[in-house]
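Structure provided below as structure tokens; questions to follow.
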Amino acid sequence: MEIKEKLGWSVNEMAQNVARDIQDGAYVNLGIGMPELVAGFIPEGREVIYHTENGLLGMGAVAVPGTEDPELVNAGKKYVTAIPGAAYFHHADSFAMIRGGHIDICVLGAYQVSEEGDLANWSTGVVDAIPAVGGAMDLVAGVETIFVITKHCTKNGDPKIVKKCTYPLTGKNVVSSIYSDLAIIDVIDKRLVVRELAPGVSFEILQQQTGATLHKSKLSE
Amino acid sequence: MEIKEKLGWSVNEMAQNVARDIQDGAYVNLGIGMPELVAGFIPEGREVIYHTENGLLGMGAVAVPGTEDPELVNAGKKYVTAIPGAAYFHHADSFAMIRGGHIDICVLGAYQVSEEGDLANWSTGVVDAIPAVGGAMDLVAGVETIFVITKHCTKNGDPKIVKKCTYPLTGKNVVSSIYSDLAIIDVIDKRLVVRELAPGVSFEILQQQTGATLHKSKLSE
Amino acid sequence: MINKIVSNTAEAVADIFDGATIMISGFGEAGSPVELIHALVDQGARNLTVVSNNAGSGHVGLAALIENRQVGKIICSFPRTSISVVFPELYRNGEIELELVPQGTLAERIRAGGSGIPAFYTRTSVNTQLAENKELRSFNNKEYVLEKAIVADFALVKCHEADKYGNLIYNKTARNFGPVMCMAAKTTIVQARKIIEVGEIDPECVVTPGIFVHRVVEISNPADESKLVAEERRYPWK
Amino acid sequence: MINKIVSNTAEAVADIFDGATIMISGFGEAGSPVELIHALVDQGARNLTVVSNNAGSGHVGLAALIENRQVGKIICSFPRTSISVVFPELYRNGEIELELVPQGTLAERIRAGGSGIPAFYTRTSVNTQLAENKELRSFNNKEYVLEKAIVADFALVKCHEADKYGNLIYNKTARNFGPVMCMAAKTTIVQARKIIEVGEIDPECVVTPGIFVHRVVEISNPADESKLVAEERRYPWK
């Protein structure tokens, strides 16, 4: 356990890995939680416009304490700001942007990702839980490029990258790339191709932590 | 012919008859041509809001010469004005108002109206004609109350109110009332019920000028 | 002459009947018409179907309406928040029915309802539990699910400013479901922070044209739901 | 860094290819991007499918594009006006194909195209010629016709003011089809009467958010189509 905890990337490094893959001029939707960190790591010289599905294009930073406006929130209901050049719109228009394929990239968390790029991130399927889906299914159905940022394993050490999701699906064949603490993995033709290994992580260690067959790319060989 | 031309209501009186049946606070769409006259005859004390399907709620009077704005037109491409409290919107929103049943009354012209309230007003069916439909089919499908304002007969003396339309339909069972130069006729349960006769017009004369069976109402007896 | 202003919230919601379907605007507290909802708690109509993105927080607003056992069913995308206690309890006890709808599908079903579109197709939820028992169909070799319009008897909506014609503008992300709900209800009841003169809103900037609005009531200092929740307030006020 | 401004109309339309589908905004002359259309005449792409409410007037703008034999098919609601001469002649000669669509259905098919909705149902045109060969279906005992989305390779749109992000506002009823066409094209090319600084448009009043716009060109004194038609001008200018 000692060793395992020191292996791999920190959460900030994971966010940085995602940010590196967001091109200049992209329209991006960031999911609640870890994905929100990505905005802090966009490389210098790139301009990215953030969409929040509750009706704002051009979301800025989190509001400075004391300036919060309860009517200016993001999808996680956090108090945020708007940049110059922002636009407000209603929910149907906002999801037209999503469903119509206008958002370039969406960064989401995951309970599980399958080797075919299926994503489960809305329900653990526990019988007594209150089901809640929000915009997750709309995002994975409508946005061309879905980046998943996630710890490679659960707190119990169970793999989150699996042959087949056991949790209820958010969408099928939707994930483009997985950014975990141990590796960056692309889903290519329904196969998991390791693009980059975190420092100190070998392909074999990674495979041990993964519930599906991994493939080497030229870069990870 | 002499007698026939002097019988009945003038075009302005026809428009007045329609206007009398538009309640205070109504949202109204007026078709191109004769229907446009109706706005001039709304009784004192009533406020009516005009919708033009090219994206304006709160259309005002025709623009005074010299003040025309080519970007402020009505559905007939006439230069118009907007009242205080008007709103502009795009075409999909405009037809959501129509299709969604939010317009109270639409006043249209007609080539033919059938005894069941079918309306033909978009195409004479002539083979060589350029087909053009505009918003006519949307209006009759979406607006609950369709008033038709029309001469009772064509210039050739053919009845325009007929058993069955021979021209291509704009919509089936859509007309609520017909305001002609000879009478006001309501379509009630797929029957033509004469509500009011123009001065000098008897029920028998009216029936002669009509291609479908008319029924008397208490008022026209 | 047109004047949609009513003098108070009690009058605004007086005719809401048992069994009615009610749309309630808001995304969390942003745009939630707390004062209109409280008037509906006072009014007491029961067995309501509520269409709203969330299911309320603490014991005020929509949560109070649910806690008062006035809601038989809720159609929403996200009934769970860190401070929602009322809905989860009733749901677990089988005392309230839930129709869970993806957020974009919910918004579009409401827009469809207001636009005379009885049904449409979407990719959202294909291959998931939420598409079970729904009709699928292929267009251009992709599968889509058929979704049906939602309409309501009443909508309760919060906006920023309104005029007596019912023209509305909203404030920032409090706009959210307001405009589409205004379109989809037989009777749309709006609480505005300020009632202004006709003509004060630039016709280019009207968000909801008055044709979609039936009643407007001014609530100049609407409650901050999150503050009420933090203070553990309950409606009806003790 | 984001800057969607291009320096002239020729550059703006340079990559339009033979066989492309092009949406063209406007209701008659109001909102018609005359200068962009003329650049497309100069550019010469052929066998285009044009989606537009009308089919042009006189011998300028869309009529000039048609007269130059660049349009193989037009999808529109009203190709006939008192001063349309080009389209009628080509249509009668079988030199151009027409898909006639009710105006509201046209607008909604375009919005659907931009919104990821492949098809929807509407009452409009049921029991008419325009519903022949279309699929009918009952909802709540009323019949509706299935209508499919329209998407395009390019949209040519006229607006009032734009910023370098591509945020747009329009002028009065010249708005018409612009906002939905911006949504439904892979590449949206806009002519603006004025390019303004980012932040000058109130975020509450943006009509087309920049996400739907790819190129903006400033045309500070756009032609009045009706004036050109009255003067019997022809494009290319003699």
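Labels A, B, C and D are assigned to the chains in the order they are written; within every chain, residues are numbered from 1.
To be clear about the criterion, contacts are C-beta pairs under 8 Å (C-beta built on N, C-alpha and C of every residue); 3 or more make two chains touch, one makes a residue touch a chain.
If you're wondering where the values come from, they're calculated on a predicted model, not measured in any experiment.
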item: Any chain that touches chain C and chain A; value: D
item: Steps needed, at fewest, to go from chain C to chain D via touching chains; value: 1
item: Between A-D and B-D, the pair with more C-beta contacts; value: B-D
item: Chain B and chain D: spacing of chain centres that average the CA atoms, whole Å; value: 29
item: Averaged-CA centre spacing for the pair chain C and chain B, given as whole angstrom; value: 37
item: Centre-to-centre distance between chain B and chain A (centres being mean Cα positions), rounded to whole Å; value: 56
item: Touching two or more other chains - residues of chain D; value: 108, 111, 115-117, 122-123, 170-172, 203-204, 207
item: Residues of chain B whose C-beta touches two or more other chains; value: 82, 88-89, 95-96, 98-99, 141-142
item: Chain contact graph, described as a line, ring, star, complete graph or other shape; value: other
item: Chains grouped in pairs wherever the two touch, ordered by label; value: A-C, A-D, B-C, B-D, C-D
item: Sites on chain A touched by chain C in the complex; value: 52-56, 69-74, 77, 82, 88-92, 94-96, 98-99, 123, 128, 130-138, 141-142, 168-172
item: Interface residues, chain D side, partner chain B - complex; value: 27-31, 53, 77-81, 87-88, 91-92, 98, 100-108, 110-111, 122-130, 170-180, 207, 224-226
item: Interfacial residue positions of chain A with respect to chain D in the complex; value: 24-25, 27, 45-47, 49, 51, 57-58, 82, 84-89, 95-103, 141-142
item: Chain D residues within the chain A interface of the complex; value: 1-2, 111, 113-117, 163, 165, 167, 183-184, 198-199, 201, 203-204, 206, 209-212
item: Partner chain C, residues of chain D touching it in the complex; value: 108, 112, 115-123, 139-140, 142, 144, 148, 169-172, 202-205, 207
